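Note that subunit A is present in both complexes that follow, paired respectively with subunit B and with subunit C.
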Partner chain A sequence: MLALAAQLATNGLISGSLYALLGVSWGLIFATTKIFHFAHALTLTVAVYAAVLAVGQWGWGLPAGFLLAAVVGCLFGVATERVVYRPLRRVNATSLNIFLASLGLLIAGESAVLIVFGPQARDLPGFPISGIALGPVAFTTVEGLWLAGSWALLLLLIAWLWWTRYGRAIRAVASNRELAQCVGIDPERMSLLVFGIGSALVGLGGMLLALRDTVSPTIGVQPVLTAFIAVFLGGIGSIPGAVLGGLVLGLAENMGGLLLPGHWQGVIAFVVLFSVLVFRPSGLLGVRTR
Partner chain B sequence: MRGNRLWVGMSLVMMAGWAVLAPPAPAEAQEPVKLGMILAMTGPGAFYGQVMSRGAQLAVDQINKAGGIGGRRLQILIEDHKSGDADAAVTGARKLLDVDKVPVILTSYSAPTLAIQPLAVEKKVLLLNGGGVGSVLVGKRNLYNTRMLSSQTAPFVVQWAVSRHSAKRVATLFWNDAAGQGVNGAIKEACGKLGCQVVAEEPHDIGAKSYSAQIARIKAARPDVLALGSFGDDVGYILTQARAYGITVPILGVDWTPNAQKIGGKTMEGYAIAVDRFDPAAGDDKTKAFVEAYKAAHKDSPEFYAANYYEHVELILRPLMKRILDRGGDPAKQGELLGEMERALSARLKFASVYGGDMQIHPDGTVSKPLGVYDVKGDALTLIGRIVDGKIQARP
Partner chain C sequence: MDFWLHVVNMIGLFIMLGVSLNLLLGYGGLVSMAQAAFFGVGAYAAALSARDLGLPFPLTLVVAIVVTTLLAGVVTFPALRVRGEYLILLTLAFQMVIYGLMLSWVDLTAGRTGISGIPRPRLFGKTLVTPAEFLPLIAAGALVTFAIAYRIGESPLGRVLKAMRDDETATLAIGKSVLRYKVLVFCVSGGLAGVAAGLFAHYQAFINPFSFNLDRSIFLVALVVLGGTGNLLGTVAGAILFVGLPEVLRFLQARQDIVDAIRNLVFGLLLVLFMRFRPEGLVPEHARGRRRQGVGQPAPAVSVTGILPSAGPAHDGAGPALVAQGLRKSFGGIKAADDLSLALPRGKVTALVGPNGAGKTTVFNLLTGFLAAEAGTVSLQGEDITRLAPWRTVRLGLARSFQDVRLFERMTVLDNVLVALPEQPGERLGPLFFAPRRTAEAERRNRDQALGSLAFVGLADRAGEIASSLAFGEQKLVALARLIATGADVLLLDEPASGVDLQWVRRILGLIRQLAAAGKTVCIVEHNLEVVTAVADHAYFMEAGRIIAEGRPEELMADPRLADIYFGTSRR
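The block that comes next holds the complex of A and B.
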């Protein structure tokens, strides 16, 4: 039983770390712009497909594929903000209008990927997958990379947000857009910046995912839904909250395996979210607002 | 103006004359017989849809190239069940049955097949399944399976586990749908008869990709063998993750595909299956002709799913249609193919098979085909045991 608990906790930590990365990538955009960016899933898909094409067909190395995914994700996210969301804001579109536009973009984009690349799943070659055993627990080399890669990116982002001028400006806009504007911060510029950073991060998160899973036109939806849950669990507007939400989610899903069969993970995720939101509607680290 | 009227008048007279005197349209100009297919064209099982449709299309192309069946050409219409979505299957079936008026549907996967079966009964349409293996597909009106079902193959997985690996404790990991649950049920039943115990039962979503929680629970249950009721690419992912997580016991199952082999790589070594396997290298003339034609069309060896759907058209529907045409019926009419199939089975008619020899379709909708136990050596399956009279005879 102890060995099973240790293994499940390890699994939870690994998947929770990736959830945290995906949660932060979406939460950063949502906290700063208040846009429910559902098309984040499309950004992930486009970035990963670009990398799969480069690595699988053009023979690029895997590190170059990761770099490409970050760049393509960043450009796609920025383009979405400039071409779709900003014009809608200028005509005073409501949050619901913008959400529907985002959803429409996702559906149309996935269909376009399906038409261009076909329905067949593709894989991302070039990463040696083997097992790593540490006492009673074991995990794969890909999962080891998830853990290391996710935390490296999360710590880098948090350091940048806390200790740089632009990072502080983004946090200021996320905290109070009007007040930030009063002290000379351009919220539109910060919106563009968070779309770029969040989208690059989701591209990299998508690449970590693609090392284990096959890549299909719908690859982005499930991870981004998980990111939503992590953000709402941790507290909207809080970057540490999104990290904590991702970890709690991953651990809860996996530790549930002590009592329930493994395929109940999805149900456990929603039960945890529901329970937290009942007792703390603003999330684990969210700020209560009146 | 008068000249114009004269020309118009003459044209009308000529057209009327042509209509009266022209010979009747040749048989080839008749409406083609439409064959409906509901397959996994998108989603995690898109590979199946691709090879199944290729197999059926090859047979249709060959028949049409030779002038059709009694002059009637065939046409395939494909709808997508999105890798097991029963709602999508029903939507597709309604279009095929109500709009296209197909007399037959070639279907795949257990859940979509079950979902469309009542619609097929209502319209008197023949259903042929060459992919789904759920034991729930037995004894369903209008439905004939040309792949052996899990209730037929899974007991041999247990027999192999007990006889070869002296297994007392069996763990199962299976698709959380009718097909996977069918395998799990059949394994439990066989285990009960052969004196082993199922110590862990872990279902998973189709196309799940991550099995870490299930594998951790299975490892903690300390089984002697792990039996899979999973299919397609999932098998490759499971093998990779199970071995990486330190599961060293033999892993057995009921499905293997080249794609799963590609995904699983070296971890697939020793993975054994009990299956009615199509062998492209078999010596039968029908097999050779099919394999060569498939290779010429697709630059690849045919999968057994391609073989099953080729068989549907070439070796089941073709003779049935010929019988209908010979007695002056119309195979395109709903009810005709179904009626002919039922008559053929009452007469205990055997159908030829590209697996070699004949296949016997039974009135309960199951089929008997050559069955064997295979394991992975290198990157291919090797026959390690033949199944004769319900017993596995291991090859030396």
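The block that comes next holds the complex of A and C.
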């Protein structure tokens, strides 16, 4: 029982770390621009497809594939902001309408990927998968990379946000757009920046996922949904909150396996989300605004 | 032939689903990304009750409707404060959970395999099998669903839903329980989706989870939005166009998944383009040719007492109409109300004056229940109302307006006022469907009353216009007419004359005096000292959450100490 609990906690920590990365990638965009960027899922798909093509078809090495995913994700996110969202802001679209446009972009983009590449699942080859045993717990090399990769990126991002000029400017826009404008920060530029960074991160997160799961046009939806939940759990606008939210979600899902049969696992995320929103609507680390 | 009849049947089913979602999204302003989940749960309920419990057809439909209605109620009820992005997220999560359960709860749903052998329905001694045989049933279902949704949408109930969509806070402030209407519209929407679900299960005779996935939910949202939110005809047009037309593609391309992908591609792009160039959809809410209420009707002759709907004499006892004692409220370190007491004398105009940030609006929020006081009591006509929700205090006769007006912007001027009238039978499902005559009579009376309120403020001729198209001064007058329509005896006006031209100021002040003369108790928060002296009988002077002086306005104005505080001139 204890060994099982330790194993489940490890699994929770591993998937939680990836959730945290995905959560931060989306939460950064949402906090700064207030756009419910559903098409983040499309960014993930596009970035991963580019890399799968490069690694699987053109024979690129895996590290180059990761780099490509980050670059493609970044460019795609920036293009989305410029081509879709900025024109909508110009005509004072409501946040609901912006969300709907994002939804439209997602279904259109997924369909385009499906038409071009077909519905069949693809693999990301080239990563040596083997088991690692660490005392009572075991995990695979892929999972090891999830853990290491997610935390490396998370810490890098947090350091950047807290200790650089641009990072601080982004946090300023996130906390008060108008006030930031008054001290000379251009919110439009910061929007581009967060779209670039968030989208590069989700491309990398997608690659981590693709090491274990197969790649299909709809690969982006489920992880990005997890990212939404992590962000709302942790509290909108709080980057450490999104990290905590991701970890809580991963642990809750896996530890729930101790008590419930497998098919109820998905319900756990919902219950956790529900209770947090009802009892603490601003999220675990969110600022209370009422 | 059968193929085209099948397409017609699918359009019928999507009309039902679209209409059910439009009620929620277009009228209630509540985005649900889980409509396919409700559809699916209903379909499974009908399928399992027919196959495993052996229930006959109409009963299985009832089972589907009951299950989806209850599920919708259960899902919304705990989510009291959920709106906007939170609602999107919750319904998304709910959709994923239900879909996940359909796939993995194999004992119940048979997972991916799905449920086959759902018995064909027997009606009037005939077993329905082919699309042609199902057509009348599905058409009837679509018609009934549309009729129910239309009846609700274009009724006083639909008016409250639209008000809630446009401004929840203002809806509370006219005495409507937002929570009640949210739960109600979710349940109705769930139930209507249940109708489609029951018919779908029997029609297909086979269901699996893939008909009820997130893509389907997204498709429904897109269909409603492209058709036009807040207009059910738009949804019908959307269903015909976006379900019917893609079927033509099947003749060009054999592969189902590619056909679906092309359809979704076009659909998604349309959604992006519509949001940019035509956010109101194909058939806008206020399409030309639709009834513009009240326009062209002669305004009834108006006397002040005629437009005041309140029972008036019921409260002409002695003593002040409203008494607050020892109110306390702090935000962080700032004391917005600090042991604050005041009384509003009946039939008089009282003013609350003081510099910016003194806590005047907070006092209104505390009196009306928009904020909970940390200590102290509020009583209205001798009755304790301290802990009541804002909409309840309005029902008891205490209503407030807002500094920033907060009209229901996408509704007509007349509807803005009509919606505020209390106790409308058409706001409840029972009378709406089972006492149509009483509902219609009440609506006529209410319409006259609302037009009367508008005539009182001098805007009867603008009744048919969309509220957001009015000038700011006119909007303030509409807000005043709306406040009067609530029938409350005690009216709290937050800066009724700020931000408008002098001519409007005079008009508004005249109206306030008339209201007081007709027996209303009025309290205003005001910055303009001339306004205060012109209109108020009594004034309280506030600073930093405390009342530091009271008296006749002229006396207060004459006090150099208060002038110092007010104008911020140095005391040193």
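Definition applied: the second predicted complex is superposed on the first by the 289 of 290 C-alpha atoms of A that agree within 3 Å, B and C clash if a C-alpha of one lies under 4 Å from a C-alpha of the other, contacts with A are read in each partner's own complex, and residues count from 1 in each chain.
As a convention for this text, a residue touches a chain if its C-beta (ideal position, glycine included) is under 8 Å from a C-beta of that chain, and two chains touch if they have at least 3 such contacts.
Treat the numbers as computed from the prediction; the structure is a model and nothing was measured.
J.: Given the superposition on subunit A, are subunit B and subunit C in a clash or a fit?
T.: Subunit B/subunit C on subunit A - steric clash.
J.: Does the superposition put A:216 against subunit B (first), subunit C (second), both, or neither?
T.: first
J.: Can A:111 be said to touch subunit B (first), subunit C (second), both, or neither?
T.: Second partner only.
J.: Applying the document's definition of touch, where does A:152 land relative to subunit B and subunit C: first, second, both, or neither?
T.: neither
J.: Look at A:229 in the shared chain and tell me whether it touches subunit B only, subunit C only, both, or neither; answer first, second, both or neither.
T.: The second partner, subunit C, only.
J.: Is A:4 contacted by the first partner subunit B, the second partner subunit C, both or neither?
T.: first
J.: Would you sort A:139 into first (subunit B), second (subunit C), both or neither based on which partner it touches?
T.: In the superposition, A:139 contacts subunit B only.
J.: One more residue to check, A:263. First (subunit B), second (subunit C), both or neither?
T.: A:263 sits against subunit B and subunit C alike.
J.: Name the contact category of A:100: first (subunit B only), second (subunit C only), both, or neither.
T.: second
J.: In the superposed arrangement, does subunit B or subunit C reach more residues of subunit A?
T.: With both complexes superposed on chain A, more residues of subunit A are touched by C.
J.: Applying the document's definition of touch, where does A:179 land relative to subunit B and subunit C: first, second, both, or neither?
T.: In the superposed model, A:179 contacts neither subunit B nor subunit C.
J.: From the options 22-30, 112-120 or 328-336, pick the one stretch of subunit B whose C-alpha atoms clash with subunit C.
T.: Answer for the clashing stretch of subunit B: 112-120.
J.: So which bits of subunit A does subunit B touch that subunit C touches too?
T.: On subunit A, the residues that contact subunit B in one structure and subunit C in the other are 114, 119, 262-263.
J.: Taking the touch rule as given, give the residues of subunit B at its contact with subunit A in the complex, in rising order.
T.: Contacts found on subunit B: 41-44, 46-47, 49-50, 176, 201-205, 208-217, 219-220, 233, 240-241, 243-246, 263.
J.: Please output the residues of subunit A touching subunit B within their complex, sorted ascending.
T.: Against subunit B, the touching part of subunit A is residues 1, 3-4, 7-8, 11, 14-15, 114, 119-121, 123, 129-133, 138-140, 143, 212-214, 216, 218, 253-254, 256-257, 261-263, 265.
J.: Can you name the residues of subunit C that touch subunit A in the complex?
T.: Per the touch definition, subunit C meets subunit A at residues 31, 78-82, 84-86, 88-90, 92-94, 96-97, 100-101, 104-106, 214-215, 218-219, 221-222, 225, 257-258, 260-272, 275-276, 279.
J.: Using the touch rule from the top, collect the residues of subunit A that touch subunit C in their complex.
T.: 36, 84, 87-88, 91, 93-101, 103-112, 114-115, 119, 221-222, 225, 228-229, 232, 262-263, 266-267, 269-270, 273-274, 277-278, 281
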